[in-house]
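Take a look at the structures listed below.
Each of the next two complexes has chain A plus one more chain, namely chain B in the first and chain C in the second.
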Partner chain A sequence: MNLRKNVATSESGFIFNPSTGDSFSANPIAAEILIQLKQGVSPSEIKKTVLNKYEVDSSQLERDWDDFLLQLRDANLLDT
Partner chain B sequence: MQKLRYERPVIQKMNAGLMNKYGTRTEYEPVKHIDGVSVASLIQQYGSPVFVISEKTIRRTYQNAVRAFKTRYPKVQFAWSYKTNYINAVCKVFHQEGSWAEVVSGFEYNKALGNGVPGNKIIFNGPEKSNEEIKLAINNDSLIHIDHFDELYQLIDICDSVNKKPRVAIRVNMDTGVYPMWDRFGFNYENGSAWNALTKIVASGKMELTGLHCHIGTYMLSADAYAVAVNKLSDLAFKCKTQLNTSIQYLDLGGGFPSANTLRGAYLPASDTNPSIDDFAEAITTAILNAGFKTEELPLLILETGRALIDDAGYLLGTVLANKRLSDGRRATIMDFGVNILFTSFWYEHKISPAQDFTHHTEDMVLYGPLCMNIDMVRESINLPLLNRGDQVVVHRVGAYNMTQWMQFIQMRPHVVLIDEKGTTHLIREAEDLKYIEQLEKMPAHLSTIKL
Partner chain C sequence: MSDELKPLVVAVTGLNAIDSPGPGVAVIRALRDGFPQNIRIIGLSYETLEPGIYLHDVVDKTYQIPYPAAGVEALISRLKYIHEKENIAVIIPNFDAELYNFIKLAPSLRTLGIETYLPTLEQFDARDKINLYNFGKKYDLLVPKDKVIYQVNELHACAEELGYPLVVKGKFYDAIIAYTLEQAQKAFYKLSAKWGFPIIVQQFITGTEINIAVLGDGKGNAVSVVPMRKLYITDKGKAWAGITLEDDTLIELARTFVKSTNWKGGCELEIMRTADGKPFIMEVNPRFPAWIYLTAAAGQNQPAALVKMALGENIEPYSEYEVGKIFIRYSWDHITDVSEFQKISAFGEL
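== the complex of A and B ==
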């Protein structure tokens, strides 16, 4: 699972996909995750960071992670 | 190190140029309290879901409606529409405020009697009244509103066996310029049926014709239609006086005033578009005052307003059961309440507020209930902050019809709680349980045992 290489992300949560012209806004935690994905950090490392930083348990994060991937896939932001 | 508050990750597509001119959501505050009582504590004490009724709001709404009419017209009487919400504690708040009872079945009639309403302050409407119910109403001197000719003749027959003249009115239906025209109840004005019924009542000599009743529709969005109704009822009243030598003592304009709930498919919120109670009062009272009655002969104005008096006072508190994503990418959230107890979600786009803090990030979502039935959809499309399993929400304006039209279907009906004016909570209807549901069932002997 990789973010498309040409997708632009910003710390403020703005996402731009030049292939489709679509832009998106991400909430802060989504923006953080996207930046790390773009930097090539592995999903397990990202989840570990989130668990350390935020008040969330691993089961909840796992469900939300899967849902987030669905959102990214839907938005055509992932490499197929 | 203190961990940060978590919010699940979301992205939202930006649709530049496609925003509508009314903007997006307007609800930015969580609703954490109802009349000073915290939503969390209500759910903790009474479970989820739970209906909550604000006594303060009922009284305030009622008093405002009374003010709107009584400051414009000298003789006004409200009669609480039992079918809108007939939980006894709710009825009694209205009766304490001075409201009579308006019932549409023997069941409701007996409920009103049980609540201590004197028989002569009960209006008995509706198309079904058994002989026994009619006799009871006659003996109690109740106001019987006749719905059809068969009922008129039923009454004439009963009068022969009861040594008392019933006080009666007829329900009149008419064209008030509003579509759809409600013509299934009562006698039609335009085709002469209403006048025919009135002449038969007076000619029978067995009944005391006291009033004229109409109920021109429900969720009426035009106050002017009521003025048309007043003019037509007044016309009948004058004819009764001049041609039948009978004075009509009251005009009952029924109900039908809308609440501030937004109808499904409406472009603008109801609070911006619906006429206020003062608009209806102005239209109705002006029409009666201009109809030509002598001051000393002005009829009593009876109103059977239900929805507009109770909707705002009712809340449904519920909890998020689950989130999921549909095949087309839409978010779906499953609540622990559905159309079984929130019947009005078939008609309204109910306002729903989260009961805990949230960020400005929102999602468009479908809101489903917990029933394993496809029809169980509370909101087809709603924009709400990110909700997690266990989060609590408040559904607003659910006081009318839900606690009477609710269904025991798949799930039990929950507790109903009243918050009194001092902020104390009272359980006014207990949640159902299996024993309650099964108490009327009977088991044939040959089915008493099974072997699998």
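== the complex of A and C ==
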């Protein structure tokens, strides 16, 4: 999965898709993940970081990750 | 006074900056940005309460001109009078309804020393909503299917072909979405009573509303293309806020349109982009849109470029603009005095 190249993200969690004009607000953890995705960090590396940094077990993280991906896809923010 | 000190005089119509605004005030704002020194703006108005008439930091002087229905003779006669006083270099008309007369008069205006930068009558007629479907077919552009009808009993056949809901459109303005034959019949009678015949029955397309401001050089080149997504839409369907987009397919669509038609002057493509990404051209407006100042704010000042081209300057096509630039329209109660209203009402000048 790759974020669309021209999607703009900020540390505050603001996301802007310049192809559609849509903008979104992400919570702090989602914002952190998006910035890493933009930097080209692999999903497995990001998940490792999240597991180390936050109190969450891997099965919960996987469920949340899948849900997050669905939301990104619905918002047209992923490369097809 | 030497020639260098003489101001560039540009006359502009469409000063009705109201809830469904004409483009004039936005065009002037862009011109003042593009020619920050030594420009004189002459407003050409139809109604005495067009707000631009009273905005003296926007318009230097306004003259009333005859309604389009009065014909080309009345218009040229009035323009000659104004030209004698103001020495107009360029006129930018901004209303669909007046364009026919200005296009017809363009050669006469040029002999007077007034330049325009307008499409040909053929280009103007071809993109008319009555001809839009054939226009799309001819140039291989995606447009909704439609039927042009004159009788209410033709609606049934339209519905069989286009399905419900369908859009019933007036000849000049207004559109009503109909979900049943009864609703379509009601819309037919309402719109034909208001705007006359024919009535256009169009396939209903849903999606995201995007407009593209385009400036063509008349030789197939798009000098400027700026796409904007409507962020806030009024009950009249007008954008009250919008944002510039980065989308190569929209830019390419506009370039194809200009190349196919050799469009000359400003225009606005109204696009409906469907969920699967297809950009349908819903309408082609043959003049700058009311949000045209956004093009200047984003780095492609289309009105200023048009004036330069009208005066014979060669303008290289723009390639960059700022994406994510937003306009938000607002209302403002401008205060004036009855003496001003009296002048424009009694003398047709202010």
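Simple rule for what comes next: the second predicted complex is superposed on the first by the 80 of 80 C-alpha atoms of A that agree within 3 Å, B and C clash if a C-alpha of one lies under 4 Å from a C-alpha of the other, contacts with A are read in each partner's own complex, and residues count from 1 in each chain.
We adopt the following convention: contacts are C-beta pairs under 8 Å (C-beta built on N, C-alpha and C of every residue); 3 or more make two chains touch, one makes a residue touch a chain.
These numbers were taken from a predicted model, which means no experiment stands behind them.
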{"item": "Fit or clash - chain C, chain B, common chain A", "value": "fit"}
{"item": "First (chain B), second (chain C), both or neither touched by A:Val56", "value": "first"}
{"item": "Contacts of A:Leu37 with chain B and chain C, given as first, second, both or neither", "value": "neither"}
{"item": "Partner chain in contact with A:Asp64 - chain B first, chain C second, else both or neither", "value": "first"}
{"item": "Which superposed partner A:Ala75 touches (first chain B, second chain C, both, neither)", "value": "first"}
{"item": "Following superposition on chain A: angle at chain A, chain B versus chain C, Cα, nearest 10°", "value": "90"}
{"item": "Which superposed partner A:Asn6 touches (first chain B, second chain C, both, neither)", "value": "second"}
{"item": "Contacts of A:Gly21 with chain B and chain C, given as first, second, both or neither", "value": "second"}
{"item": "Superposed model, chain A: greater residue contact from chain B or chain C", "value": "B"}
{"item": "Chain C versus chain B - closest C-alpha approach in the superposed model, Å", "value": "6"}
{"item": "Where chain A meets both chain C and chain B, residue numbers", "value": "none"}
{"item": "Partner chain C, residues of chain A touching it in the complex", "value": "6, 8, 16, 18-21"}
{"item": "Parts of chain A lying in touch with chain B, wherever the complex brings them together", "value": "15, 22-30, 33, 52-56, 60, 64-65, 67-68, 70-72, 74-75, 77"}
{"item": "Chain C residues touching chain A - in the complex, by the definition given at the top", "value": "208, 229, 231, 242-243, 245-247, 323-324"}
{"item": "Touching residues (chain side chain B, partner chain A) in the complex", "value": "3-14, 16, 323, 325, 329, 359, 361, 386, 388"}
